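Two complexes come next, and they have one chain in common, chain A, joined by chain B in the first and chain C in the second.
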Partner chain A sequence: MTSSAFPARTSGRRFHFLFNRAWQALWVLPLPAWLLLFFAVPLGLLVAISFWSVVNYRLTPDATLSAWRYVLGLDFLWASFWRSYGLSMASAVAISLLAFPASYAMAFVAAPRQRLILLGLAIAPFFTSYLVRIYSWQVFLTEGGVISSVIQAFGGKGESLLNTYFALFLGHATLALPVVLIMQTIALANVDRTGISAAANLGARPGAILFRIILPAARPGLTLGLLFAFLLSYAEFVSASYLGGGTFQTLPILVTDLVRAGQQWPRAAVVSLLMIASLLITAFVTVLWAYREKG
Partner chain B sequence: MTHNIITTRRRLIKGALAGAAVIATPAVLRAQGRRDLSMLTWAGHADPDVIGAFEEAHNVRIRAKEYVGGDQMLAQMAQSPAGTYDVILSDAEYVVQLQQAGFIEPLTPEDYPFDDFFPEFQNFRGHWFDGQPYAVFLRFGFLGLSHNRAAMSEAEARSYRTMWGPQHEGRIGHFDWHLPNLGSLSLLNGNASPFDLDEAHWAKLTETMMSLRPQVRGFYDYGGMLSALRSGEVSAIPGIGDWITGVLARDGADVTTTIPEEGGLQWTESLSIGARSENQDLARTFIQYMLSPEGQVKTATLKAYPAMIPTRAGWARLNDELPGEAQRQNMVLNGPNALDEIRAGRIQLRELPVQQSLETWNDAWTRYKNA
Partner chain C sequence: MTNTHLKLAGLAKSYGTFIAVEEFSLDIAQGEFIAIMGPSGCGKTTSLRMLAGLETADRGEITLAGNRIDQLPVWERETPMVWQSLALFPFMTVRENVEFGLKMRGVAGPERRRRADDWLERLGITTYADRNVARLSGGQRQRVALARSLVLEPKVLLLDEPLSALDAHMAIKMQGELKKLQRELGITFVYVTHSHSEAFSLADRVVIMNAGRVEQIGSPQDIFLRPRSKFVAQFVGGISLLEGKVSGSEGSKRFLDTRDGKVRLSHSSGLAEGAAADLAVRADRISVTVEPGWGENEIACTLVSEEFAGAVVNLHLATASGHSLVAQLQQRDLEQLDASIGARVYASWHSDDGFLLESAQQSEPGPKVRAA
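The block that comes next holds the complex of A and B.
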């Protein structure tokens, strides 16, 4: 009797245990599934395509290094690479600096309810298409456009601002500023207030509080904001072609040129892989720095 | 007599009933018999203004797949199963590639009004193989130096050389395609056949192109060129023509195209029938329609980009119906017209590079953009 009861209880416990495990697995499963579906497989495909060839405008599976040889042999490749990298890094730094006072005000001056409303307003531009927002910048920046008319009214020359770095930067900022605002605000809002009060009570000046208490504490969030601004600007194609007018030849423009001209998908894949590699290195270094232990 | 009246009355009633039945037939029923004609084309050619009457008359719906540039068109053909496209509108220089790849059907010369064509378009280069046409010349235009009059006068535009002037620094725009740009600069270099260059002349051409780079404001697509030229953002764009400035002039912008003394290029668009198309009869009827005076006037005044037309009957109809447009496009019947430019040898056909590969020209262009 008893001997038969024991196995039943253990099997029930085991079932329970297994059920728990399965239940957990079910919830964890999306992570590897998504990673596989949206990261590993496309990346693998991109790597594979970079070894394919194009025969009569048709992408043909192959195992050739010709696309790699072609792209790495381009004499302007590294000039374009550093131009892309430098321009987007400059934009990322400028956007972060520009966003900081606003984020600071939202985190420390605004009441929580106001902060919510202000953050909502910061997200509002996402409700219109990015392409539309970029096109509308053209109306402001072009010769005889809104900005140049205003400058002319005050006696200036009022030349077109299109195809300048300023125009390109506006495009980058249109894309990245809201994201940076949100990330910075969250980072600053989460800084421990007791540290700030203690410093103030001990007579620290506002500058010292900012640089020695707030900035170090919010560093991970602020750095991630910078990183996101960089990622978004680096891969940006629309404002590079419509506001930069192709004057600033960046890698995303090179990718589209390679595809358009003779359907050179393998070469475009090589450039994309170069971009992904440089992004990964940048992201890795930045994250390491953001979370490094205070020395 | 009465008998006659009765029969006519009967006939009348019969006819009226039949007519009423046709009118009363729901559109759905008529749509059942409707056929589809697929067309691979540059943008704007499937505008209801152009094909609406044809669709109505033949109870057909034209499904257009639009492409940008000959490379994309060839890629589209290569990637689609044979018979996907019934009608193909392509730039004339790509017809040879379409023919060699077996993407298009040979045509019967008697089906098309070649006799009505002006002589220079009858046996058009790259369209006939072994006495059989593979494409029918539909429309054409000239490419020169398009400029905003406020920034560059017609007198200045008489030479491509003017683009290097200090007053145009950072004011030259480019259509983002190598062929017309390199072709125009090749004319400037004095090459009689601008696309047939030996190694030395090709090297010289890339050198000429690179020296223009500091003057360049930007590289544009169709829409970008329209706004840049209209606003005066750029003072001139080489290698384009009335297909851009005509659209702007229609809206009252102060822009025009001048064919410089070094010469201009001719672009040409032609119609072909796709290999193994299942609607070859309908495709033929469509091409015939586009070459009829009615179709010719419609394609000449295409909203997306106007063009000149190759048929005499088309010219007559255009002069009759829209004398202003005939005048503007230089297609007047009595007096000097666009054909004189061709006959004076000032116009060269835009072609694919003869001695270099397309890829070489493409690479040079990418290099120029990235410089």
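The block that comes next holds the complex of A and C.
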């Protein structure tokens, strides 16, 4: 078929080419636009502000290292950093372990329909405000609250459980558990069932199947679940403040303290940048490990 | 079989009201190559899975070398399987895949590695030992799957449509290698397939299943030349069937009364006078002529279509009563046949070439459901 015999075809082909390009662009362009608008620009602003100064409680454009010097010179900065990091990592591990049996049951025991219903129930807490859920924990944990009343009824002291690491962990779990549950369930449900049968057929007992087949096969999803729990807990401010009561000075608490005490936005920006840097490094290393392949 | 090695006796399996396997019995000799064939849902894979312990039989017994194994959990049975999807472990290297079964049996590291490496070499995949299985070709992955099972030195190897993931050329190559391996090792192979060519060229005996029951067990020649039921005849293909009633005899020959007239047969097959039966004639035994009067049995037909199949041509014919017949002709015979589509022709065959199949109700293909 020659183009001279069908002259209309050439322009038609050109139109299709342009149309396909436009159609692709329609889907591709929002991503860089969003990244620019909601990540690059705010991050740039944050970096800029960290070099500004505060004159008479007012933020003033400047090019000074004073905020950086001040924050990095704080003797409790690194203590706060490692406390934040350690507490969130501990929460993430505990949440992952707590979620695993439920995820396993949903992936391997429940029928596909039951799994949908159970996952729906797991997401249900998201329909109420996070703040409301944290306040309701206060009702449970406070002195004279639900838990302490029960303990007192059995002759215990029934002290307030607020401002403890346990209370903070409950806050983290309230935030992250449903997400981890969903990610783990999807990861486990996608493990190749024939592979599990094949392992049993080759002599693997249930324990060996769990540790040598299911966990390695679901590793990317399980690791990402852990990472999400860490990210959510690390940046978490509400329960650190309302359930932890500021007893544990974490970095988000430090940020709000710096802003409240004298409008120190540049210093708060420095702490935020430290958090972002440590988050990105952690996420990068974790994702690399999660998707590492053999051979 | 005199030296029965693996014995399946009266196996049955249902899921709710669906009967996957109604009754499956088979005695297999040491070193025999058994192929199980049948349409989808006939129970062939379920039977294999019961053998491996992946399904628990509702009834029946399995014994291997005299020991009952149907009560054992999967991981204690020595019946490794090669899977249709291969089911290699993607998060392990080739060598780790092959070592897996040995590791589960507590074989120590150096010994494990030595035995795995032996099999990698034997199957020609030593070069890929440290590679990720996802980066291998279909044929290489197939060899890893074989090595992973054979490294356990089993007495029985189960294969569930192992070549169906390969392209046609590679599948034929692997067929040859499988047969060679099986002969060298003297292992019993139980091979489930839907491919006629695989079953007939590889197996010592073929089991044809339909709707949860065994239709016929026999050598490939047996099944091909003497299908015992209408179902097997249709499943194997290339056989024309004529419905009729047994009626009268003349010397050693008997007659079958069909809607297209009386036909003669040499094999009486012990059917009573008046019994409903199907006459089966293989396509390569039917001659086609333009003029009548060439054969012992002859039916006038219309030439419906021609199907080119390489060296031979299949002619599809229709009789006046609506029976369809298939005749297989050599190309040069077709050239001498002066008939176009729609023409009147005569199909004829020798009475030795026709044989009777009992018209049995249960031979209808398709899954069966237990009556409530």
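Here is the rule we go by: the second predicted complex is superposed on the first by the 277 of 295 C-alpha atoms of A that agree within 3 Å, B and C clash if a C-alpha of one lies under 4 Å from a C-alpha of the other, contacts with A are read in each partner's own complex, and residues count from 1 in each chain.
We adopt the following convention: a contact is a pair of C-beta atoms (placed from the backbone, for glycine too) under 8 Å apart; a residue touches a chain by one contact, two chains touch by 3 or more.
Fair warning: this is a prediction, and the values are worked out from it, not measured in the lab.
*Asks:* On the A-aligned overlay, A:Ala208 touches which partner chain: chain B = first, chain C = second, or both, or neither?
*Replies:* Once the two structures are laid over each other on A, A:Ala208 reaches chain C alone.
*Asks:* With both complexes superposed on chain A, which partner does A:Arg219 reach: first (chain B), second (chain C), both or neither?
*Replies:* Once the two structures are laid over each other on A, A:Arg219 reaches chain C alone.
*Asks:* Touch check for A:Ser66: first (chain B), second (chain C), both, or neither?
*Replies:* neither
*Asks:* Of the two partner chains, chain B (first) and chain C (second), which one does A:Thr286 touch, if any: first, second, both, or neither?
*Replies:* neither
*Asks:* With both structures fitted on chain A, tell me whether chain B or chain C touches more of chain A's residues.
*Replies:* Touched residues of chain A are more numerous for B.
*Asks:* Is A:Tyr242 touching anything from chain B or chain C once the two structures are fitted on A? First, second, both or neither.
*Replies:* Only chain B is touched by A:Tyr242; chain C is not.
*Asks:* Applying the touch criterion given at the start, work out whether A:Ser278 contacts chain B, chain C, both or neither, answering first, second, both or neither.
*Replies:* It touches nothing on chain B or chain C.
*Asks:* If we overlay the two complexes on their shared chain A, which of chain B and chain C does A:Arg260 touch? Say first, second, both or neither.
*Replies:* It touches chain B, and chain C stays clear.
*Asks:* Identify the partner contact of A:Ala198: answer first if only chain B is touched, second if only chain C is, both if each is, neither if none is.
*Replies:* Touch status of A:Ala198: second partner only.
*Asks:* Of all residues in chain B, which touch chain A in the complex?
*Replies:* 68-69, 71-72, 74-75, 78-79, 101, 176, 178, 216-220, 224, 227-228, 231-233, 358-359, 362, 365-367, 369-371
*Asks:* Touching residues of chain A toward chain B in the complex: what are they?
*Replies:* Those residues of chain A that touch chain B are 56-58, 74-76, 79-80, 138, 142-145, 160, 162-163, 242, 244-247, 249, 253-254, 257-258, 260-263.
*Asks:* Enumerate the contact residues on chain A facing chain C in the complex.
*Replies:* 192, 194-195, 197-205, 208, 212-213, 216-217, 219, 293-295
*Asks:* In the complex of these two chains, what residues of chain C are touching chain A?
*Replies:* The touching residues are 52-54, 74-77, 79-81, 83, 85, 87-94, 96, 100-101, 104-105, 130-135, 148-149, 152.
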